[in-house]
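This is the structure, below, for whatever I ask next.
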């Protein structure tokens, strides 16, 4: 558009010089991704290697930039709901919730109690399946043939069955609405969920024996990719990654959105901030999720699931702006919406946790082996739909 | 947490040169924001981050907003001499509010667990004076988000360590998230077109065959 | 028997000639592996089984790898040099041709060479072991010492700079 | 339209060609190794299809090869953005013949829900010849299995000789497609006219 | 199964291995020649690098660690050609010979321990 | 009768050779044997690939290939026909050689890969009297040609001129080189006790029974740990998980054969598997009594069945490990070889010496066992604690 | 001890291996083309149009109100209204869609069209075996391909179908009641008018104002 | 020609080739390869003379070759290490250039 706006091109790779000014082994510039088995989609890292050691790593984004925000600004508030499913396609329920929460904040809608319970149940189920799959993925990045992933997906299918039963779709649930949820759950479903949740701890036990103390897993993860606490806060890291770095910051406790204040659960916190901590924090979080689920399934009240004031069509919130956020499995998922009173948002912005969690990818990978870089990326837990939007 | 007015007062006391405004928000949530002039944006942000009472050490969300030129109409009464007689005449005056780009920061405190404080910075216009200070030196978390704002809106952050396009390719020209961006034309096959799409799609329809004169 | 010997000899000689005439160093190293295999085959023809296998183990399995690594580490494999030969190559070739003629002449005409003996001697590993651990214990220990010294020396020579760097240049 | 000479030739070869053709097609159809190539949401369902519940392996198609050199099938699973499209085409070009493309999901077929976007390619078939398209957003894993079965049927019906033989058996048809370049707003060219022949629907 | 020349088997095996590798390659070539022609192209025959155009050369100067391990390997490989005859005749040897071999091994191990202590065995 | 069955192949060979004129016999006999090997082991390879895919499938709670059987029929053979279409397809796949590659070396690499691999089959005893060539230094020969595989791997990786290939090749060589030493040293202990490098002698040494139990070397302390070392090293030598770094999919695409397509790729696959069979065969010979039966009452089962049975069993363990474990990192791999396996193998040689010099009673077991176990635990702990690895306790924030 | 946990991990995989021969939970594969998963309650794939009765053309519930077209997030519905009208199930004359196309190569199965449809006419199908080699031919579903009888709907989503049938029945009843009431009122009014007319004719010369017809909402 | 003569001729040829390579080629690694070839030539002589010599049972030739191999290995290790070290300093392993740079 103007001359000033010409973007600078890729930065030059400057070889790291040894102390005596002598060059080390020649640097190898390798592009990992976008078509790479372990970059969780079309993520790309431009890596500069010295031998196998990473001396520079630049993430390259945009290979899945599908203009989510632009589309969101061109369609109505309701029509945008199914698009949020496709942000973090593992966790459509929490995406739905974050978006619904934001718009409810904007329009001042009140969610009935039963709907809040259902939302919490769905969110925690999502967290369970997301964390399980993540562990599967990242053990696969470590080189396992996929067996952990198979087990993870085996359990995931059970949760997806529950989602499908209620919302109709396995992944893209499009389940929540402003002021409640779309469909009520029945008792049969609750009974099924109880069974899945009860079985889940058994599965986690087995998964734990399989992986948690496996010597190779320990060797590959402990003291690798350490993220210091201060850097984590400064770099706006959220979610399990932040807690693994030792910061007690869980939006379910801080913001107490939904009805999380009613549940009795704890926030596990790591010490070293390495990959193993990130892994273990997720495992422990799953245990806490199971606790929440048990309480929620026990206490769920009877009642309506939609705010009677909420309108499906012709929804026009008052002008203003709002930022709403929830603790999605990957971290703080925020939506920032500016309304100008029309049926479409004026500005619609997603604050994707995994995108911002990637800020310090280079810091974590420098000096480590290329194999570690892959595992570190796996432990960040990214989903490209969310990173690039 | 302090109210925005209190923060504003303390800021003004500490940084007299800063021009700070509290913007209203009419919607249910009522999250108001601090509008800071670009020149003192960095110092204000640093104050917010380092102040012991605020300790906004966590920059959650950075985003750009595009406000194109807007025609504002207002009715004003103007005294006019009509036929020698002074009269009050109502006149519709059209103002063009010049457009600008806005960058919004949502700041929280992790230690004190409060927030958000919404910080806004505005560029002078949307064409050539789109410079703003980068807050990446204060919050690493803003790095990619500012890059994104640069990529999609064209705000140039000075002080940013690595300001490049992030989502679009390097050869791309223009800023696609601006409201006046025109998407490239690829409407060759649109079986279910509507509105603008229909207009675009029609451009691709083959020319009507000339009506043949049948004997 | 002699025919097999001659064929093996020809292969070896050809491979060796190839080693010294190819431009690409990696090709040279590979041809060298073939040449050493040929030498090993010659040993086998000469009933020296253990030595033949050891030749493969040491030369093809280890030294060839070492050379290949050295080629990669000095970035010599990628492009052939502009001029492969030293300035005085003609003299070198002449001298070596002379050496070969001389030796060949000596070999073909000498009467001091022993005639082929009827019973081919065998060198079972057990005998080698016995000999090694009795008569040749001292040389063995010395070889051990030399190997250790070579290892330490080579490691120091090859890695000194890297060591220095790692103390100071951690990212 | 087979000319007479060729026809008799075919009849002469008859049995031999048929058996060879059947064996060849059978071999290809039952050993479809996909490329490890996930783009977006659909990739998860693609993985789910190879997982325990649906088990793509039963068809011998679980050998996901990470290198295009060893893969037969490219499952374009997810949104192809304009930034990604040149890479998709290049990876496809780098696969050895015979190779197949499955466009999995709405985005890969037509841009799907995201086709309004400025950075989304409206269908991978603008640049690549798609063999099978699976609608759905995302399609169920069973749908992917169904698509692979459809592809197998398609392979089994292919002719070894004759003018209607598939591309890879014909020396005159290129097996590479030009890789689009990044332009100031769009890819250049925005579509490959040799591949993309949309029907015209007038509204 | 002894033949007149015991090593003929090796030659035959090597030839068979080459034949075994070349036969299917020849068949594949024939198939390609008669039915499915190879169609090289600009992109197809480019180096694969995750779908991007390959930047820089792969043939670069590697770090010296690899060489270090090759050296130690060479030394131990050489050592085995002494160790194996020793092991074969071990049963008939006096304890002194065993001790001599242990000393020989210790000499090598000393080098290894030195490298270990100096941190050369830490892969970087 | 059982002897007949045991020697069926040997007798068949003699019978076949009987038709050949005397002059040609030295040539024809090995040729028949070689063609036999070339038929059996590739066939075994094809079956094993299906076996592996199905086994991994079962471990992962699914079926694995179960549809493809005999072509043009509805017979499915539970999917055991899957290798046929795979082979057919690879045969008819286009062959791509990168433009920048060193074409000659690129072509030769898969061929060269097969030579040492097949050569190593010459000394393996597949059954009683079923050895192609029983050299006096057979074991050394095996190790010598085994080492030559590295050259083929290097050729493949280097000639492709692909970054991943080259990284993979470098990794492969470094890894194979490192694990060859423990491999050889763990075999040395066996040689010390047996007193021969001849593989038939080694089996003969194990082919007698006390209380009906065979004297396999694995049933002694030094033999057990030797077997463990040999097993791990053979995992590494055949590039199997957790040592599959040279073809680490999640890091360097497909490693040194990234640029190989069509049947050349299949040859690498074949070469790797054949190499794996060979090295397992050697392990069986050294520690698991080769073709002998574990119990005297089972000795009637033909020896070749025992050999292939043991081979299959160990391959199953390989598959099992492959389906279970993640991969090590390069430095850990090297550390493991040089700082754990090599010292342990050296100690094992010492223990084998002690075992030889001590009287054959329980004290010998105790001393050797304690030495081995102590060394194992200490070295293992050193390896883990050196990196401060271990279980962690987590706290909960309020 | 080194390797202990690895062995434990291997025990887990071994348990799964052997378990896969005995336990259904350990062998979760559903061999798709032959076996199928039972259909989940609300499962959805692509929309279809419901019609009552046997004739797709006549019984189509859709009245071409174009709400779904407007609300569809990816805009994959295309409707052309008819110029003429045909009677709907209530017997009222309604316009109907001349063209009703859904491009399922774009559809994101979000179900918003179903939610916003006031006429219970668009519903979600469960059919997913739609993969095709002909993208342009097979993936643009026309009205003919979309129209499915109500009985089909009842089969795939019995609960929802019952609900929607109840809604329709209620509306129909309401409409009938209304029509009946209107008819009755008309009859009554007619009768009254007649009577009054007669009476008036008989008695008075001035006719009273006619009674207001009963109004419903 | 007796087998011994064949062996000796091969050995002489190997030696000559190795010598020619070592003298004429510029590349340091090739020089080392040449030296290895010469060593092999010597070894071949040892074995040949052991095979056709007077006292084969003494195994002196064999043992000597084994030692010679060990030393060749040591030589190769150190020599190549030197090449690498020189390369690191001078960025070349071309002997002519190394000489020039020295002066």
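Just so it is clear, A, B, C, D, E, F, G and H label the chains in written order, and each chain counts residues from 1 on its own.
Note that in this section a residue touches a chain if its C-beta (ideal position, glycine included) is under 8 Å from a C-beta of that chain, and two chains touch if they have at least 3 such contacts.
Values in this document were obtained by computation on a predicted structure and should not be read as measured data.
Q: What is the touch distance from subunit D to subunit F, in steps?
A: 1
Q: Taking each chain's centre as the mean of its CA atoms, which one is farthest from the centre of subunit D?
A: Following the centroid criterion, the farthest chain would be H.
Q: So, what's the distance in Å between the C-alpha centres of subunit C and subunit A?
A: Spacing between the chain centres: roughly 59 Å.
Q: Roughly how many whole angstrom separate the Cα centroids of subunit B and subunit H?
A: Between these chains, centre-to-centre, one finds 75 Å.
Q: So the centre of each chain is just the mean of its C-alpha atoms; given that, what is the distance between subunit C and subunit F in Å?
A: Averaging C-alpha atoms per chain gives centres 29 Å apart.
Q: Just curious, how far off is subunit D from subunit C if you go by their C-alpha centres, in Å?
A: Chain centroid spacing, subunit C to subunit D, equals 53 Å.
Q: Send over the residues of subunit G in touch with two or more other chains.
A: 2-3, 6, 9, 12-13, 16, 27-29, 31, 73, 75, 78, 103, 106, 108-109, 136, 140
Q: Going by the contact rule already set, what residues in subunit D reach two or more other chains?
A: Touching at least two other chains: 24, 36, 51-53, 55, 58, 66-69, 83, 87, 91, 94, 96-98, 110, 113-114, 116-119, 123, 137, 140, 168, 175, 198-199, 201, 203.
Q: Please output the residue numbers of subunit H that touch at least 2 other chains, ranges allowed.
A: Residues 66, 69-70, 73-74, 76-77, 80-81, 84, 87-88 of subunit H each touch two or more of the other chains.
Q: Tell me, which parts of subunit F touch subunit D in their complex?
A: 53, 57, 60-68, 71-72, 79, 82, 84-90, 92-96, 249, 253-254, 257-262, 265
Q: Hey, which residues of subunit D end up touching subunit A in the complex?
A: 35-41, 43-45, 47-48, 51-53, 64, 66, 68, 78-79, 81, 83-84, 87, 91, 107, 113-114, 116-120, 137-138, 140
Q: In the complex, go through subunit E and note every residue touching subunit H.
A: 61, 64, 67, 71, 74-75, 77-78, 81-82
Q: Show which residues of subunit E lie in contact with subunit C when the two form their complex.
A: 5, 7, 10, 57, 59-68, 70-75, 77-82, 84-90, 92-93, 97, 100-101, 103-105, 107-108, 110-111, 114-115, 118-120, 124
Q: What residues of subunit A sit close enough to touch subunit E in their complex?
A: 24-36, 44, 50-51, 53
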